[in-house]
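Here come two complexes built around chain A, the first alongside chain B, the second alongside chain C.
Right after this comes the complex of A and B.
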């Protein structure tokens, strides 16, 4: 059964305005929650739904909400993380641009559930035009009584404001986001204490991704149990996937969790197959931070089962033969793409975006980028490959925030699965500048399909 | 009072110690003293918010607590992780820790100029000690190192950013000891640097303390720069009547001359009583000071090689083990 929960009305003309959104069933979840449900009921529904964080880590949202400390007389805050900066991920932008009221409705529900009266949307600086869309939508919501004092006579007050970052990837990390929102340098905080205890201005705080918050709307509308019916296993509901790369139809797709990766890439309903009839060489299924999958592990797991679009199936086999669903930035590479160059490009990004607070990430990301640059431009040595492996190993797990891991994983996976190609770059320093590995060696990347 | 408070038991490298709840692993290790203490480059007990950044104090928690004995999945920064009752920690006894620490030292050194022969900090440099204990004799880094111009930040202090390891100690010192924000970190990643906004001067009665908290030779005393290697000077405990500070300091003598004045540091290189600029920079005459006697310098590789004290006080850990 194919259901769209978030993008159901995306095609309706004027859906970004309050009136059209309302006509299409908008804000009915808020009405329902404020009239018939207590805040704890909303939390309970979200718990039942099995919704997991859509920002990358996949932590159960209901559980995250239940961790929030509730000391007497201390206000709590709910923050929306719209600092979507992961290379390959652009689903939140699409959602906010097309249906801003869905996010606002989700914010009202979540804030109500957590008992927060002041919530913020932290949006990245590059999304300035989205900020204008959001601000217009918020003004409409205030004008129609969905925000402000005593919302629809329920006695619940909520103020919502949008704040922009200055374009730093690191501010998508929740504690760096909080620091930035407080007006400080966006350095991640040292945990513990966790934001659920001491977050924004030392008050209990919950930070959720845009898509997670939007998903609360269908959960309240249809009930947590109904939502949990959709999807597969512990990957419930639908997920927005931002697909890019060498495919016929890149874009944002809402998929039901549990469809096969093969269907997603090759069916006309989704990506419509590889562009120009090329062969698939590799795939990054969850944004630049997650390990890359080689052609033979994209559609099938190492055990020979169909790989599905779900948290569990994409992670099947651990990092040795699996990857992660991450934030859903699905990047597909055809046989003409150079993995060394791609890895260097990712590495360059993490080097540029490291906050510079802790030593392994500050120094290590730059070092990896330089070594990869050397390999890509034909000045590498065989030892460089082992050196890279050693550097990534010393960054991973030893840093304050997950940026270090995110920088290390793509490098590790590229070496693990495409070592041959790295070695070829060393052996053929001139050729690697002009031609691609696959073209020269006539290596055939046979995709293992179902 | 300690009888009424429940104490937490923690085992570090097989040595058991009882500490107050809320104590960090590092401070618990310091109560034991000796080899089980992880090195710390950025943590500074008297500076609020410091620590967690350099990652040299990483330890392995092999047992979370009595209630939840699962080990922690990652190595943790011992300076910022509070202990739990029944926790078991491995520092030197864990290969994983030693490997990660060697990695951190390597990372800290790749952009460090290694100009120890001309650096004023040599002999009392924490990075030198750390590299001596955990580093390798050669480097695998084959690229150009990051360099910055030397900057005069104020009348007395020279900033040599190339040597900086971004421990943030001086930033916390300035923020917490002085009234207005004096300087901070500009830019990010490996381009991050300590700076005053548009090269402003650091002017404050206590700003000289940033020199003492700097673990490397990034912030040096302009009244002492290039005058002598520290191990040729004789540190003496001394005091004077001062209106601003406690007046308790260490004067470093060359013959009968006072070459420089610093605050008194404990065995972990931490200042407990910060001194003012007047004591540090202006009182360079022996008659300004009441000399108490030789200062014992703990641990530091080069200076302590030059023991001249008549009778060196025995190494006393903070907690006497019965």
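Right after this comes the complex of A and C.
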């Protein structure tokens, strides 16, 4: 079954404007919810839909919503996480830029469901031009009575505003986002208390990703059960995938969960295969944080079954032979790419983005970057590979927020699957400066470094 | 810049008020990141007097501004050129040739990563993932994304910004540096 639930109208001229969006069925979910559903009904539909957080964690959205505390007389807040910064991920930018009213409609539905009257979209500072698109769309929504006091005579009030970050990956972590929205450094908070109890200005708060919030629109329109029919198993609905790397057609795709990875990479409908007829070497299927898969585990699981684009199938085999769907940042590497260089690059990223609160992450990410740098530049020793393994193991699970894990996992997976390539860098300190190791199983040394 | 010159013109003061009005009474500190973007766009960079001015505008302590200005990578607390060329260096851009683009710009402008040209127009900066991985390699100048970069495209861009060196986040004329 082939359905587009989010990007169905993306090609319609002027769909970023209120009037065109409205003509194409926009805001019908808000009308339906405000006229015929109670807030709890909306929560119930989202629970039935099986929708899971699209930012990376995959936590069931309906359950997250049900945790929100409702103390008498205390305002609650609903926040959109538009801090999209996970390397390999650019789907939220695409959605907000092309069809901003879909996010606004989702914000209204979600805020209504949670009983929030003041909601915010927190967008990364580098997306300033997208912020301007959103502000224009919000002004249109106010002008047409979808925001403000007593929306369409329902008695429900909602104010919506956009606020900006200023360059910090960490602010995609929900408690860091809240700190940042309070005008502070993006240092994640110790949990508990969870944001559902004490979030923005110590008030009950729910934070959801852009794509998650947009998905509430088709769920309300068509019903949670209908949404749950799409996809496979516990991976319901559709997912936006941001595809990059050495493929013919990188870009943003809305896929039905459950198509095969092979179809996604090689069919003309999606990525159109590897660029320049090169061979697939590896794939990071869910953003830089998730384990890298060597080519023989990309399209098939270790058990030899077809690997599917779903939460479960991409994770099949655990970290030993699997990975994660994550944010859907799908990075494809061909035979010319150097795994050591890529791992060093990612480590530099995490070192740069560590907020510095927790020693294992602050020190460990810098240490990993340094060791990987010397391996890549022909100064490494064999013991360095074990040292890297040791450092990543001591970061994982020992930090306040998941940035530590996100820094550790790519290093661990690279060593797990590409150890020979790391060893080759030690054994061939001169050669590794000019040539690449090629494919792990076929021992191709021909590709010259770029 | 002396303390006396530091004053937003009326339209920007109105913009500050609009940012503050997004938040409930007493929560004006939440507008800090937005106001710092405005200040940087208008004054060129966030000098100590500029940060102190922002603190006064928001009725918060100067230290509350300093700690934020030094945490987020988009804020400059030292002078920079009128046009910052921020080239993404992270994984997906790297495998599509970001490093070559960086060295091309370095050679063309005669500056290294982090440096500013003698005429004060360009600053080159490598940055982490800007969310354009499918359209790599890319750079950001002000709020504009320039994607699918080639050497020819870089030539064009540099030409264009040399003629009209306005590329900050709000299209404001830079009154600093």
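General remarks:
Operating definition for what follows: the second predicted complex is superposed on the first by the 439 of 450 C-alpha atoms of A that agree within 3 Å, B and C clash if a C-alpha of one lies under 4 Å from a C-alpha of the other, contacts with A are read in each partner's own complex, and residues count from 1 in each chain.
To be clear about the criterion, contacts are C-beta pairs under 8 Å (C-beta built on N, C-alpha and C of every residue); 3 or more make two chains touch, one makes a residue touch a chain.
Bear in mind that the values here come from a model prediction, so they are computed numbers and not experimental data.
Looking at the shared chain after the overlay, A:173 reaches neither chain B nor chain C.
Once chain A of one complex is fitted onto chain A of the other, the partner contacts of A:398 are limited to chain B, with no touch recorded for chain C. When the shared chain is aligned, chain B comes close enough to touch A:358, but chain C does not. Contact with chain B, but none with chain C, is seen for A:370 once the two complexes are overlaid on the shared chain.
By the touch criterion defined above, A:346 reaches chain C but does not reach chain B.
Once chain A of one complex is fitted onto chain A of the other, the partner contacts of A:45 are absent, as it touches neither chain B nor chain C.
Of the two partner chains, chain C is the only one touched by A:337; chain B is not.
Applying the stated contact rule after C-alpha superposition, one finds that A:185 touches each of chain B and chain C. More chain A residues lie in contact with C than with the other chain of the pair chain B and chain C. Put simply, chain A uses residues 168, 185, 352-353, 355 to touch chain B in one complex and chain C in the other. Put simply, chain A touches chain B in their complex at residues 168, 170, 185, 190, 192, 351-360, 362-367, 370, 387, 393-394, 397-400. Chain A contributes residues 84-90, 92-93, 118, 120, 124-129, 161, 163-169, 180-186, 201, 242-246, 250-252, 284, 288, 329, 331, 333, 337, 341-342, 345-346, 349, 352-353, 355, 450 to its touches with chain C in the complex.
For chain C in complex with chain A, the residues that touch the partner chain are 22-24, 27, 29-34, 36-37, 58, 60, 64, 67-68, 71-75, 89-92, 94-97, 99-100, 127-136, 140, 143-145, 169-170.
Touching chain A in their complex are the following residues of chain B: 51-56, 58, 74-75, 77, 80-82, 99-100, 103-104, 106-108, 110-111, 140-141, 143, 165-166, 168, 184-185, 187-192.
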